[in-house]
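Two complexes, one shared chain (chain A), two partners (chain B, chain C).
Moving on to the complex of A and B:
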């Protein structure tokens, strides 16, 4: 039987499979290119070698584990396991040159006191770049990636006003133990008139033009036992840091946007709202979640964000 | 006939002559530079003692007394622009002389052909050897050729790698299996590519792979020098013809209408891309001039004047004078002067200190307790000198502003180091002021007893609700 036939279009001879049906129906045989076949065989060989070298086949409850091993530390114990990318990542995060260098620098910063760190440009640069990541992972969800915070919810860390103290030690304490800021609501305590009077007094503390008569009545409530505001906000209105009480004499308002309000009436509505409803804000403690070194770097970073004291 | 990859194999025949000698001279210069430069030591007073060292790990390129930092990377762009302009300039003037004399594909192919000839003999011997059955002598000759090619390729690859590390150390490490993986990988890769490109592919690279060979032809004009066969002289009226008994001397040939080409085929046999220049200028011609040498040799031996094949231009063939000074020459020449001048100026006037200042955008501004506005900036400094710099940072163009560099009392920048410093700028905004006020960071330092000042523009941003009310 003829094993080639004429291809009608090109006229060249083409191999056929040798089958013939109904006398003249034949089947072309167009074999794959040789290079293609060999490339295919090579991939097969590659796969077999790969199965031996790397984790590959399920075997009952386990699987073939390949030939090499990775050792890393986990929870204080040294773990040796078959090669896998997760273990390799863990290994490299602990044992690579970069990890080693980072650890050395971290130890240097951890053993230095704050004054040394603040005086050393290189240590500051290290603290800035390392803590930026820690801040981004842990603090940014509430305080924002640049520390600008959210009015009424999360204080702005980029300004120079500190509810709980702006020294680096205060900041460290805040991060370690968290904070629970509380101001009681006064809507049960004050009647309408008293609320308006205290509002005017409070606005007057930061230099706003208010009704002097009302402010005077408000002062009596603020400084007296009717309101008792001075317990926390102090008689001069600068706020008791140990209570996280706001400084009412400066330009910064963490609960309300007074500088952005359109007119005095709007400002009064904002301030009286806070007085009648009170404030409850909680920052969780980070001791245990972050290492002492991380908290130290973070304290430096937050201190630098806005200009700590 | 269009070329395809399975056209006849080319066996370039050797030739002697002026252009062959010139090509060997270029080859010796190029190889002399390429293979010995990494071994040249250089005392730069601190830092590595290798004259040319591309230190990727330390992010420094050492070129004799010049130390190139990553910030100077635009010099590379300048170099590439200059190289491209030089190629255009030369191509417009003298055609593809880069291809014929300077391209590494040509240089290495030349050497590989020389190795082939050294082992297997001249063109005819090589053709015979290829046709011969696989006997031990053929296996020996072929094997030796490929072995020498591989050695040459390996040396080429290794020499390249030596530019990226301390050459003596790297060689020692290389042969005691201690060199970095990249060194082995690069050497292996370049060995393979050199072997394939210069040993096996050769002219195919110029014909099918090289983009320059294609776009160089658009830079040709009627004044561009090309290798050309003098058809009028060579063909006469009755065409070329071999030397025959009856038409031995030139006069009798001329009377028979025969041209000066004796159709010996030497010019075709020496051509590294396997073309017949007598068919006119072709895209395969790399302008190497070997056919000129071949033809001149023949003309000398029959005693006729040289120049049947020569470098000439279209205008010259038409009987006019070739113009070398033309708009293209002047234009590319001016561009080369401008670019090389700018590059040189930039290299010579580079300061030892450079900086950048980027404003922190999150938050863009912050209201302070005393009512002022604060903006923060990340300043990056880079010390390119060999001494510690003490930086004096100040502001210009922002009256009444306070600059706070935090707790740092003295900002020192170690030699060859960079540093990031966070700067805070505080300002009580003018009620009628602008939302954005441009200003300049001015940083002074003492370098080698001289005051150096670096400036960087920035801007101070004030919230809209703090102005115009």
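Moving on to the complex of A and C:
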């Protein structure tokens, strides 16, 4: 070690604690720096002021409540109470600048119908910015932050294909009450041949080159009581909205990535897989968790994601 | 007494340090024993069912609390994002509580019934399969591991000793029936814990695989009840400020 002979901070004689270790190791006994001492006195003063202003010391059955007060409205009455974070939150939710400004917009949204909202640039800007946050906190974990969804699990909200309808009213109903997409598994119903036939018929509906004989046999199953597919997917395959059944005649798939499959065999495997296993998908209801205004804003936002009708 | 005598006498220094620290501690702890307003009077809070309790154990075992808090603070931003702030009453049967102080992920105090069971299973197995931006680790073994519930009775007995109203006697069971209704009371009966655990798992099939009872069943059952017990629409805004 270098020979560090620190000078004492105060001039004059070196003050030490008086000990000597190992013969010559000594310890200075400098006074505390003045700034430190003052900082300490300041914290003491701060504590005393805090005790006076805010709830602090336990006393008997209660506590010292401090002299600070908060006023808020509860059940139509004005309540004034000692300062506490819960009362302050109620006050902030009711009377802060941000809350008041937001409430102004929310009241306008609440009383306007969708057409008025779509026609009002100011309200649309509010809907876009507010609903983006609500969507991110609540919907994005399933539907993705851009609404693209996850094949098989959560539908794409940004395209113009809708299971339950793409009008803004349909979307609002979906969000309010949730949806349960259900298709029974046909594993037990069909033998291998029937499954292959109906698969070819389904692929033919969207313009794929399939075996016409097989598709014909499949059609009988699809449109007849053996499969009963027509009940949900309709005889033309476009899907019954009240069942949330997929449109089988277009190039957009929600359960399986048919366009991405390598060849016809892979496509057939995907389609027959869905038919054998069926579908159960749940979209949770948001009534109660989100306010009616928030749901209205979200409906507008989802409608504008790309495919609203 | 000169300050120096404190500094050079370690026994005395320890004593006075303890006194100084205790003042802060006691001022916070003692009032909890006699101010009866600290735990809000509120309807709906019940102890965990056996299945949820096992789920909670797995939550702790996997260290979910290192990234997730379960404490919504009374601030406007948290209120808007997560919902009503957490009440003391809502964690009165938590031993130990899971409030936490680290939020790498979102608060989970009100995550119950926000998402579907299928989402939780997919997300816990491989978070990035549903949330591409996620930095949460995957827990695929939860789907593989059979749920071990051999010790469920002992766990409930231990919690009963801390004051959680799990029932051992007919009398305690009756008290639960009066308080929570027969359906909930049956799930709080220690002597029927095994049956009610299996019953709940079968009834909802949380993990999507009806043939097995996995750790995923238990964890999802726990997550799906978080923050759902109190119906806040029954209370005026600001009602709970009274308890502060």
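Heads up, the rule we're going with is that the second predicted complex is superposed on the first by the 216 of 309 C-alpha atoms of A that agree within 3 Å, B and C clash if a C-alpha of one lies under 4 Å from a C-alpha of the other, contacts with A are read in each partner's own complex, and residues count from 1 in each chain.
By our rule, contacts are C-beta pairs under 8 Å (C-beta built on N, C-alpha and C of every residue); 3 or more make two chains touch, one makes a residue touch a chain.
Small disclaimer: the values here were computed from a predicted structure and weren't measured.
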Exercise for the section: Considering only touches as defined above, state whether A:146 meets chain B (first), chain C (second), both or neither. Expected result: first
Practice task
Go through the superposed model and pick first if A:23 touches only chain B, second if only chain C, both, or neither.
Solution key: neither
Handout entry: Touched partner set for A:138, first chain B, second chain C, both or neither
Key = second
Exercise for the section: Report for A:89: first if it touches chain B alone, second if chain C alone, otherwise both or neither. Expected result: second
Exercise for the section: Please tell me which partner, chain B or chain C, touches more residues of chain A. Expected result: C
Practice task
Using the touch definition from the top, say if A:125 reaches chain B (first), chain C (second), both or neither.
Solution key: first
Practice task
Based on the superposed arrangement, let me know which partner A:307 touches: chain B (first), chain C (second), both, or neither?
Solution key: first
Practice task
Please indicate which partner A:33 is in contact with in the superposed arrangement: first for chain B, second for chain C, both, or neither.
Solution key: neither
Handout entry: Intersection of chain A interface sets (partners chain B, chain C)
Key = 144-145
Exercise for the section: Using the touch definition up top, name the residues of chain A that touch chain B in the complex. Expected result: 118-119, 121-122, 124-125, 128-129, 144-148, 156, 158-161, 247, 250-252, 259-260, 304, 306-307
Exercise for the section: Can you check the complex and tell me which residues of chain C touch chain A? Expected result: 27, 30-31, 34-35, 73-76, 79, 81, 83, 85, 113-119, 122-123, 129-133, 233, 236-244
Practice task
Going by the contact rule at the top, pick out the chain B residues touching chain A in the complex.
Solution key: 360-363, 366-371, 374, 376, 404, 406-409, 411-412, 419-422, 424, 465-466
Exercise for the section: Within their complex, state which residues of chain A touch chain C. Expected result: 55, 57-58, 61-63, 72-75, 79, 81, 84-90, 92-94, 96, 98-99, 137-138, 140-142, 144-145, 150, 153-154, 281-284, 288-289
